[in-house]
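Shown next, in structure tokens, is the structure this report addresses.
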Amino acid sequence: AAVAGGGAALAAPAAGTPDPNIVPVPDWTKTLGAPVNENPYGKPSVFEKDVVRREVTWLTASSQSSVSFTPLYALDSAITPNGLCFVRHHGGQAEIEPDKYRLMIHGLVDKPLVFTLEDLKRMPGRVNRAYFLECAANSGMEWRGAQLNGCQFTHGMIHNLFYTGVPLKTLLDMAGVNPKGKWVLAEGADAAVMTRSIPLEKAMNDCLVAFGMNGEALRPEQGYPVRLVVPGWEGNMWVKWLRRLKVGDQPWQQREETSKYTDLLADGRSRRFTFVMDAKSVVTSPSPQAPLKHKGPNVLSGIAWSGRGTISRVDVSLDGGRNWTTARIDGPAMPMSMTRFYLDFDWAGQELMVQSRAMDDTGYVQPTKQELRAIRGTNSIYHNNGIQTWLVRSNGETENVEVG
Amino acid sequence: AAVAGGGAALAAPAAGTPDPNIVPVPDWTKTLGAPVNENPYGKPSVFEKDVVRREVTWLTASSQSSVSFTPLYALDSAITPNGLCFVRHHGGQAEIEPDKYRLMIHGLVDKPLVFTLEDLKRMPGRVNRAYFLECAANSGMEWRGAQLNGCQFTHGMIHNLFYTGVPLKTLLDMAGVNPKGKWVLAEGADAAVMTRSIPLEKAMNDCLVAFGMNGEALRPEQGYPVRLVVPGWEGNMWVKWLRRLKVGDQPWQQREETSKYTDLLADGRSRRFTFVMDAKSVVTSPSPQAPLKHKGPNVLSGIAWSGRGTISRVDVSLDGGRNWTTARIDGPAMPMSMTRFYLDFDWAGQELMVQSRAMDDTGYVQPTKQELRAIRGTNSIYHNNGIQTWLVRSNGETENVEVG
Amino acid sequence: DPQPGKPAAKSEKDKTDKARQAVNVAAPAATAPAAAKAISLGRPALQEEIAAWNIDVRADGEGLPPGKGSVKEGEELFLQNCAQCHGEFGEGAGRWPVLAGGRGTLKSERPEKTIGSFWPYASTVYDYVHRAMPFGSNLSLTPDQTYAIVAYLLNLNDLVAEDFVLSKDNFPKVDLPNEANFYDDDRETSEKAFWKKNPCMKDCSGEVHVTARAQILNVTPDGDPPKGNLE
Amino acid sequence: DPQPGKPAAKSEKDKTDKARQAVNVAAPAATAPAAAKAISLGRPALQEEIAAWNIDVRADGEGLPPGKGSVKEGEELFLQNCAQCHGEFGEGAGRWPVLAGGRGTLKSERPEKTIGSFWPYASTVYDYVHRAMPFGSNLSLTPDQTYAIVAYLLNLNDLVAEDFVLSKDNFPKVDLPNEANFYDDDRETSEKAFWKKNPCMKDCSGEVHVTARAQILNVTPDGDPPKGNLE
């Protein structure tokens, strides 16, 4: 990568030679452009066509049980645009006609019920809430060492949206939960018939049955017409195409809470029901897909989140964790919602080892990868929230590394 | 429209006849769906294909100087999804290569400057802020009486986004504003070479030079790569494809602040520089494009906003303004940002005259159309923030009416 | 305080500051860097570059280039470049804008707002015609051509004689008749009634009747989705 | 207070409530209606409808349908329906999942997590195979077929003999070897060290060196945009 010297992105044109993008006046200022309704539903600029979700095809045997990652390196703000939310399916994308959608509640309840989509949309108490959804396997490929060269792949199984929906509590109260009820099984209508056991307490607390994201209907790949929202907890529990909720007195020990989403430790034992996503952060720019291009002023941009509450502080290190500076947190910091942070810095062209460290309002501090491995070993797959290091070379190229 | 009686959207199936959408299990639960990366950039469900921007072709002679409206009736939350933000062009959509983009600052400044897009993205102090953008002509067709049958057309020249950008003050400070400087001319690079004069005080206060919306790059129709953000003020001032900022000691009296965007009153005189958008609200559902379909529980949903500050309260009337109930305000109420409100109500099938009335934290109360007309007459075109009435008939059909 | 634009309490100074009357007074952006002048980004603009883009013309004539043009020349140019949309006499073809006439209609039911009847400054005609017209070929007129077309438009509006020649020099003398009828936003005083302490909540009016219905007009586009990129 | 999920102060009761150990304790949603039971939406679910969707099987055997199947029958069914992906002996073809073997590897560098080596409950095999397999034809196996396939998978994992017949009745007796090695989330105690008062800010370590580099592996997809709907 060629790095421009000095502060100016564009050197002043040679004396007396005006910039050809200013003189003469560009064509787009002299020619009528496209009409107002060329795209009744809009799409990004053609110049942004590489800002897309990407699959790592060697990860899985089938693209219908796979993942496509959010291009975090190209995004800003704390909101993820609907077109770029990462996608994880286990049996492909169910395509459900909204009029044929049904949600069933049964098990340890007084009155088993069936709801239509219209029923949900007519339910008193509709809310809108911003929450992050992170797959528990996010950064899972990095347990044994730096592996994928780009935050789209190392951290791109997260998105942050405003959800429109109804508190799950409302529906459970309508069915009347039996005092013996302690867990809820949530089940999807896709070909994986995805299931997860959720503690009743969480279900009654802040879970939502959601039909909207960022103002419009849920996208098909996010569970159209209805998904479960389980704030702060691992993404696999946010069952898409939600068809069934069953109340029981114990967890179901489903495949996604036994074979998967249990955390194998170095001693051969495994943690189960590790629901909450710990505080975590990553610098999205600079990063391998967003290298530094200029000496002088630069904006370091990143995201932080915690399933335990609100991000209270983020520190950034440019020297691999020896020294830290507290970053500027931008915008409203909402609980269990992604938070954007910035550090404005001047770059003289020296090598950088960029890290970020998130803290939440419970006092939790994002650990280093070494600290994590010391407790968990390297076989956990899930819940890798260790501090990420990007090595910025003097030519601006940026690489996923580990330091010690 | 057929209205389902009683509370249930779906009558319980005849005794012993299970719902055909439950028994047998639907195909989408037994057949693998589309792979995870079918759409590297996602799009809405095929079942939502009528949720699009719409043009009113008789409004203007050319679709390159026209408007396409946000389908508010189908949206929820306070955020507008990027694909559905209303579009207003005066010379079509400029298509600017980001590498060729230039921003010039000159006039009464110490150092006239030219910035590239990279310069702006490297600028210290990047922020993300949610603001509504309302065209001053929103509801302009309704001055003389109810005219268009749907909130997409009566109120659809508004959207609300998180903008990523740099405070305009940062750039002006770099250029060094001369003490005589009192106004800033903002100019676009489109074929309308759109211009507006902005008081320096506003420019130095909260305006942003924005390159992102809802997390991704600005959409082409919103000014890619750079637009001006002028919080709380009329949308025409939020110059798209921003190419030039000039500091001067008086306003420029450009066509968009003389021939247009001045408010003709009944006495033949006209107000000018009516920048701020007064508090306003509208019920988005029920509304003509979102009629009532069921008796029993229903959710009334609407939006409120004020260019003067934060929405503090919204009242709803179901009887044409005789009696009011305070609605439930949802989510974070941010200044100069759209706010969602709800009223859960039971409908017995009687005729309703639905209204909403917004209040902001300056104490401003949204006026009735009669109150507005008493002061301004009916020739103002702009700034029609009068209380909207929807007539819901006993068959659920909903119509744009006026009452007295 | 991370919330933008919170309205601050109003001081006396604010109230007397005319330019601020319509301004949503807010705390200065806390995020702007302290020593902003030290940021080494951007580069000096060259005079030639400024000249290429610096096209705005102000009401006091600032920005007008040297040049001149007569009503006669303007007529010819207008017929060639403008009349197909705006009509031979500025009366507007179809739904394209009307540019002349309309004097005395501003208080009527259907005001006709033209350069002659409504616009406050002739400078705006020069600025806008050069900037944005002809629609489809904007920025194509020379200064002399623009002076001539503006002269013709003034003549069409009965504001100058047929032998008038407009130039940078006599431009300041051209006044438009409606200029005095514009005044700065005064909503905070003229509409003070809209700041109400306790809006009525119960039995606020007598019986309410429908007085106007949009359906009768039947001008709303139908519900079919427009053709587009989703198909 | 419109903010969701604010963590509340921890009470003694909370601390002793096992199920809540990993729960982000939050104030009850203020928005839930007071008299929720009165909402007249939805309708009673019919028993037949519940039966059609109520397919989950629990570790204690709840949910198992009547039926049975032998290892022998299972072998045949597995070879027909499963082996093309999972291998004749559950060893996995290509990158498809491995289902058998791996005993004693859990503490190794490359653990092989199979039904025999890792899964805590046999009920999960029944539930999942019926629910989600064969991939592409899920929900197509009868109870007897499913019992048979589960029996075969247990046999492949050396957990039952070749003449074993699995049924609703003997299912509770089937224990998997790794069951005891699972325990509930204990991060709040075992990782208490991550709650730090004052993380180090200055001179926190000696010299720092790069110890691992992703580039060497070269397994990252290239930067080209995937083919898709934007072209």
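Order of writing sets the chain letters: A, B, C and D. Residues in each chain are counted from 1.
Note that in this section a residue touches a chain if its C-beta (ideal position, glycine included) is under 8 Å from a C-beta of that chain, and two chains touch if they have at least 3 such contacts.
Since the model is a prediction, treat every value here as computed from it, not as a measurement.
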| request: If you tally contacting C-beta pairs, which comes out ahead, B-C or A-C? Let me know. | output: B-C
| CA centroid of subunit A to CA centroid of subunit B, Å | 27
| note | The distance between the C-alpha centres of subunit A and subunit C, rounded to whole Å, is 45
| query | Could you state the distance in Å from the CA-based centre of subunit C to that of subunit D? | reply | 64
| So how far apart, in whole Å, are subunit B and subunit C when each is placed at the average of its C-alpha atoms? | 21
| note | Residue ranges of subunit A touching at least 2 other chains are 8-10, 19, 22, 29-30, 32, 37-41, 43-44, 46, 52-55, 62, 91, 104, 114, 116, 119, 122-125, 127, 129, 191, 193, 243, 296-297, 330-332, 334, 344
| Can you list the residues of subunit D that touch 2 or more other chains? | 3, 31, 33, 39, 41-44, 49, 53, 135, 138-139, 225-226, 228, 230
| Viewed as a graph of touching chains, is the assembly arranged as a line, ring, star, complete set, or other? | other
| message | If we use the touch criterion from the header, which chain pairs count as touching? | response | A-B, A-C, A-D, B-C, B-D
| message | With touch defined as at the start, can you tell me which subunit C residues reach subunit A in the complex? | response | 2-3, 31, 33, 39-44, 46, 48-49, 52-53, 135-140, 225-230
| subunit B residues touching subunit C - in the complex, by the definition given at the top | 43-44, 46, 49-50, 52-58, 60-62, 65, 90-91, 104-106, 111-116, 119, 122-125, 127, 129, 131, 145-150, 153, 167, 169-171, 173-174, 176, 182, 185, 187, 191-193, 195, 199, 201-202, 204-206, 231-233, 243-244, 246, 248, 250, 252-255, 258-259, 262, 264, 266-276, 278, 288-289, 307-310, 315, 319-324, 334-336, 353, 357, 359, 361-367, 371, 375, 379, 391, 399-404
| note | Residue positions on subunit B within touch of subunit A in the complex are 8-10, 19, 21-22, 26, 28-48, 51-55, 62-64, 66-68, 74-85, 87-89, 91-98, 100-102, 104, 114, 116, 118-119, 121-129, 162, 164, 189-191, 193, 212, 214-221, 224-225, 241, 243, 293-294, 296-299, 301, 330-332, 334, 340, 342, 344
| said: Give the list of subunit B residues in touch with subunit D in this complex. | reply: 6-13, 16, 18-19, 22-25, 29-30, 32, 37-41, 43, 296-297, 328-333, 344
| field | subunit B-facing residues of subunit C, complex | value | 3-7, 19-20, 22-26, 28-29, 31-33, 36-37, 39, 41-45, 49-50, 53-60, 85, 94-96, 106-107, 111, 113, 115, 118-121, 123-124, 127-128, 131-132, 135-136, 138-139, 178, 181-187, 190-191, 193-197, 199-205, 208-215, 217, 219-221, 223-226, 228, 230-231
